Amino acid sequence: METLEQIRDRLLARFPGAEVTLVTNPGAAAQHSLSLGLAHAAAMALFLRDDAELKLDYCSNVTGVDWPEKEIIESTKVSVPDPAGGPAKIVEQKTKRIQPGSLEVVYHLYSMAKKHGPVIIRLRTANRTDRANVPSLTPVWRSCEFQEREVFDLFGVKFDGHPDLRRILMWDEFTAHPMRKDYVEPDDYEWEPTPHGTVLDKAKAHYPPSALVAAAPAAPAHGAPTHAAPAPKEAPKP
Amino acid sequence: MTGLLIIALVTLVPAAVAMALRNVIHSALLLILSWAGIAAFYFWAGAEFLAFSQVLVYVGAISMVVLFAVLLTRHTRTDGGVAPDTLGRALAGLLIGGAVLGVLFGAVLSTPLPIGSKPAAAVTVHGLGVELMERHTIALLVVGVLLTVALLGAVVLAASDSRSGPEDAR
Amino acid sequence: MNAMPGIFAAATGADSLLERWPILFRDTVAGFFPAPLQWLVGSLISILAIVAIFGGVFAALTLLERKMLGRVQNRPGPNRTGPFGLLQPIADGIKMLTKEDIVPRSADHLLHFLAPVALLAFSILTFAVIPFGRNLVPLELDAAVLYFFAAGAATELAIFMAGWASRNKFSLLAAMRALAQLISYELPLLLSFVPIIMLAGTLSMTGIIDQQAGWNFGFIPKWYIFTPWGFAAFAIFLVAALAESNRSPFDLPEAESELIAGHLTEYSGFKYALFFMAEYFGMIALSGMAITLFLGGWRAPLPFLEFIPSYLWFGAKLLGLLLLFIWIRGTFPRLRMDQLTRLAWKFLVPLALFNLGTAAFWSLTSGWSGPLQLARWGVAIALVVVPFVLLGRGLSRGVAPRTYRFA
Amino acid sequence: MSNSGLEFPAPVGGSHVAAVHDPFHGDLLEVSMGPHHPSTHGVFRMMVTLDGETIVKLKPVFGYLHRNHEKLGENTSYLASMPYTDRLDYLNSMTNNWAYALAVEKLAGQPVPERAEYLRVILAELTRLLNHVCLAGFLLQDTGASGTPLMYAFREREKILDLFESLSGSRMMCNYQRFGGCRVDASPEWLAGAKHITDNFGRFLDEYEELITGNEILMARTQGVGALSPELAISAGITGPMLRATGVDYDLRKVDAYGVYSRFNFRVPLGDHGDTYDRYMIRVLEMRESITILQQALRDLPAGPIMDPKAKIRGFRPKAGEAYGRIEGPKGEIGFYLISDGSPNPYRYRVRPPSFVNLTVLEDMCLGQTIADAVIILGSVDIVLGEVDR
Amino acid sequence: MILTPLHLCLLLSSALFCIGLIGALSRSSSILVLLGVELMLNAANLNFIAFWRYGPNPAAGTGVLFVLFSIAVAAAEAAVGLALVIAIYRHQRSIRLQDARRLKG
Amino acid sequence: MLGSGLLQGLKVTAKNIAGSFHDPERLVTVEYPEQKTKLPENYRNFPFLVSENATDPMGTLRCVACQICEKECPPQCIYIEKSKDKKPDAAGKMQVYPAVFDIDTSVCMSCQICVEVCPFEAIKMDQVFEIATTDRFNALLLDRNQLAKPNSYYHQIHPTEAAEVDGRLLAERKAAEEKAKAAAAAAAAKAAAAAAAPKPVATPTATAGAPGAVAATVSVAKPATPPAAAPVSATPPAAAPAASPAQNAPASDGKAAP
């Protein structure tokens, strides 16, 4: 199989103006990947599928990754000339930078015809809120149909051109996206004696006291656990 | 005599109710009861074989076909509401039917009917068979042909254009 | 109004006491009543006897079926209630009786209630003409065979009522299936025994059994199953009877893997038990019919075994057929609806018609003897086997074992 | 696919759009098969639209068993996810364990001793027997065979489960594989037991096939039912026996040759029709191949440690990076995709469940078939809802 | 005058006939119309049996045979009639007689 | 010919009917409450706490409330509170013990992770399975008293494994004693002034990474006092041993974590 660099170069040659970045994987697996620009993604995916060399006819795995917005503290070493005229001092300068969050969809492609792979491609949304769109690759690989629905359901990535973009695992009325890193789980636990005070406290906070009394058939074995409950988190996003 | 009255009750009431009901399935089921009453009449009259044939054909076969037809034509617009001309039709039907009933009753009651000296002896199956094969062979053959043609015709009619499965073939 | 025919014909003096005691018992008990009531009391005793005996057979059969299915599947079967699980039917009965009777709110309440009752009533009615032993015919009718199938035809109607009244989509599908199945299998069922009637020349059960009296070569009974056409007719009858009594592999109306329980989905408690009972009664009645038509009725299979009372022979044959039904149920997968109807129309009906011809040939050549007898058998067997093979080939077109390749 | 109103850009071989549009909508019967239905293999639901008994539309609905397995995986350590993988496809915990261990080993660059690799092959092939024999039983149960084939299948399955129990301590939730090896070594008695079962399994298969494979009713019920074209199968990412029944030669044991599979001599059976009968038969034939693999593996099992000495149980923190590891599970390709940020918990933990992806074509296979066929088609897809819903 | 059993039978059959007639005339569902016709046919059969049984010269089984043929014809009629209903339903999506105005499919 | 497959099937089932009466290979079920299958030695169901002494199970628990299992437990069904005081353990060393040790068996999935991560061989898998109860909540929440079972019971249910564990523990204890002795001797030799024997400080038990041992790849030194800020959730388990040597008594020469 061609290396990812070769594939990237061919893609760039075939689609001038397209963005294709090689994302290296520092881990032991060394499964590097190609990050495709959204504008040409569908066409490039089609090319990958139909190209005689590659024949990546089998999309095995589609998944989302949430990269929330995070603060990056970069320290750069700057040599500051000593005003006193001595040798220049090396001073660490810390700059805070906010890396914008995004959602990423990762496709693992293989070839059944040529029995090679994987070629990993990644599509990255512009942000995590209003522009969380990527083009759907379901028209290229049918196997993306359910998996993209799942990514939509759990991450909230909207797939443009998906034929049937509905929730798949969560129920239709559910509004949040549980696989996002900032998802806050609901605290409406079923009230029952548990050694975990945190759960109990959350449940107590959620329900009015009267409901708890009605729902509690028996007291826990050893009284209220003395576990310190963490500060109550905010309610789940609507 | 009481037997006949009971049979008349079992036959007429379900038939009348069936013709008045809106639910076609109920009508069909009531008519089955009515047909069973007629079979009872045959039995009462000493035509055993006929009674069983009546049950077998009407209760066993025709009612099934009727119910099947009702189920196949489940969603019809008749379910929606009463058609505007229903009342008129019903009235006309009742009027004509009533008139015919009156005429028939009058005719029956006013005619002195000759009654045989003794009721006919019940026929045995064997006797019927002999009759059928000897005196009424032509009729038997004609009926056989008729049934075959009807079966084929029903198959052709009911089998739809595209998916003529065996389940349609009755 | 002509009186109902005698419930039991009078016992002949030639039979042993063991053979005659049921009738003697009835006559003795009826003798205590004034003469105008005697026939009524006699009939009531017969009815009670039938309901009690076959109720017991039903109870035993539920256990037997579960035991035997267990053995087929390498399990011991129910064995917790009583010794060897013998009290299991009673436990089941108590459970069924104490269960809540649930009727869906939108169901057609009257029909929903009537369906199991009607089903049970009709299946008990079919017992009226079956000869359970020598002279043990509850109702001696001239057209008994016709009566039997007239009463039997109404059972599927009850299934339709159950399915339709439940207002459940699965039940409705089951109702449709029950109707289609009835329409398809009534014909082969009736056609299968037409040769018997043709050769026996009577529609009376006793008459048919009488025709099967005697032995060939002194030990092969002259039952109809021991003729080529009789065997074919028996096979067709068996298949059609399986379908008529909704037994596996034709249990499509209640196909549990597709329609949950079909027409039984919305039934519980006692009504469900009634359905169950009626289904088994139907199976017993059809087996009794098969015994009468093909297996010589209550006759002993070998001359020297005739001292055993006839009703025991009937019981033994019944048990054998029921075990065969259970065995079949434990082995086969279920057919699909269209295959079921295709089997009836494209296979069983033509086969039964051919068989009619074979029987006619058999009847015409009844005078052949010696080497001609051999030719008669040969031709008759060919007349049975060749259509079977040809029609079978047509039926199983496109269905064959496959070979596989390896990468 | 008419919900969104978008026209479906037909992929290769996609008959998906052909969802029949019937102008006479009054005639159709919409039936909700499941979640409480005897033949949906768990809490699975099919919204079926019927014309008579013919299916004109079928929408699978799932998620009733959804417990956000992937989120759990992100909130627990690498090791603590291992028992959770048992519960994905609860029939095949051994292969799930292996797939997960393989992915983590790829992520951390963790070698595995040879004996452990052999043990993994033995257990995976036993699992394959287990799964396929169960499927054969369930499929026959779906066709209405009163439980007899199912009971025969379960009798054999019990024997394998007993093996698993005596090795790992649990029949179904084995939790056996570890990153860098296996948890418990197999004793000689255990290996003898495994050999005994392997040797006898062929006899059982003969009897089973005699019971049912030549059965005309089964053939009539399954041949030509739910046929799947190879093009659509490839496009839809179908894997496992279901793919090979369409005639596509793609078996990860050969393609990836993970573990020590390259050392074994076995064949990959392929079907020509892609229908339910082929899917059933491919599994039966695969069982026979599994027996030969097992015999070779049990014969060649080397001595040695079963755990890499450098492997860590506590405090396992792989370097930052990502890895996708996949193996040929009995139901198809089961893969785990992991992203590590160097912490004890994975940053992203993703399961690629074969049952879930294989369900993609359920509607395509069922359209135009009857409701009775839908049941056996679903049965032949071989799903486990623990894995579909995760 | 006295009501002989024959009179009673004839009254029964004429009542049944009229019920069938009213049904056939007033109902709009073609299946029910067909059923009404069946009832009328049955009423006629009743007459055959009544006259066979009570009539002056009961030739052996003639009435019975007549009814037998009539039942056969009725079966054929029902089969063809219902097949027609289904055929009409296929075209018109209705079994109401008023809707079946076009004979051409 | 049509029907041959069906007849073959009937033949197989007939064979099975007959076989089920005489062939134990076929009829494989057992009559459960009366008969029971023999549990394999490796069978595991629900954890229990090992105590050294059968007569006083509470006093001789091996558990030192290090809370590693609580952290590693996938379904989070273990709840531990450390004691404020210390008790001597089997080796006579003063140890913290669990004041509260609860396992919610309605949540526990018998995965054995707690056993694997325990550095003290203190929690092992039980073999109970007849645990049906009418009280869904309290009866399934097992406390310290219900969980404690003597080592002899462990030997009874897992003989091979228990013998191996005991041998390992004995070897470790011996090694630790010898080392302590050597250290003490060295200390005595070095600081000749100190005539008194070293006071019985808590010698850290170190589970040596015996080859083949499953659970012992990280040696954990038990701190004499609980760390001031016990890592609650964020710190991985490996962090605890890494941090603990610093707080150990000077006599400690426990192996550093690898």
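Order of writing sets the chain letters: A, B, C, D, E and F. Residues in each chain are counted from 1.
Note that a residue touches a chain if its C-beta (ideal position, glycine included) is under 8 Å from a C-beta of that chain, and two chains touch if they have at least 3 such contacts.
The structure presented is a predicted model; accordingly, all values stated were derived computationally and were not measured.
Counting hops only between chains that touch, chain C reaches chain E in a minimum of 2. Comparing the centres of all chains, each the average of its CA atoms, the largest separation from chain E belongs to F.
Across all inter-chain contacts, the pair with the most C-beta pairs is B-E. Remark: chain C and chain D have CA centroids separated by 44 Å (rounded to whole angstrom).
Mean C-alpha positions place chain B and chain F at a centre distance of 83 Å.
Measuring from the averaged C-alpha position of chain A to that of chain F gives a distance of 38 Å. Chain F has its Cα centroid 65 Å from the Cα centroid of chain C. Each of residues 93 in chain E touches at least two other chains. Contact of a single residue of chain D with at least two other chains is seen at positions 26-27, 52, 148, 152, 155, 211-219. For chain A, no residue reaches two or more other chains under the stated contact definition.
Residues 69, 72-75, 169-170, 172-173, 176, 248-249, 251, 255-260, 329-339, 396, 398-402, 404-407 of chain C touch chain D in their complex.
Here chain F touches chain D in the complex through residues 2-6, 8-9, 11-13, 16, 26, 28, 40-45, 68, 72-74, 109-113, 116-117, 125, 211-212, 214-215, 217-218, 236-239, going by the rule given at the top. Against chain E, the residues of chain B that register as touching in their complex are 1, 4-5, 7-8, 11-12, 15-16, 18-19, 24, 27-28, 31, 34-35, 38, 41-42, 45-47, 49-50, 53-54, 57-58, 61-62, 65-66, 68-70, 72-73, 76-78, 83, 85-86, 89-94, 96-98, 100-101, 104-105, 108-109, 112-116, 119-121, 123, 127-128, 131-132, 136, 139, 143, 146-147, 149-151, 153-155, 157-158, 160, 170.
For chain B in complex with chain C, the touching residues are 3, 25, 29, 32, 39, 44, 46, 48-49, 52-53, 55-56, 59-61, 63-65, 67-68, 71, 122, 124-126, 165-167, 169-170. Those residues of chain E that touch chain B in the shared complex are 1, 4-12, 14-29, 31-32, 34-36, 38-39, 42, 45-46, 49-50, 52-58, 60-65, 67-69, 71-80, 82-87, 89-90, 93-96, 98-99.
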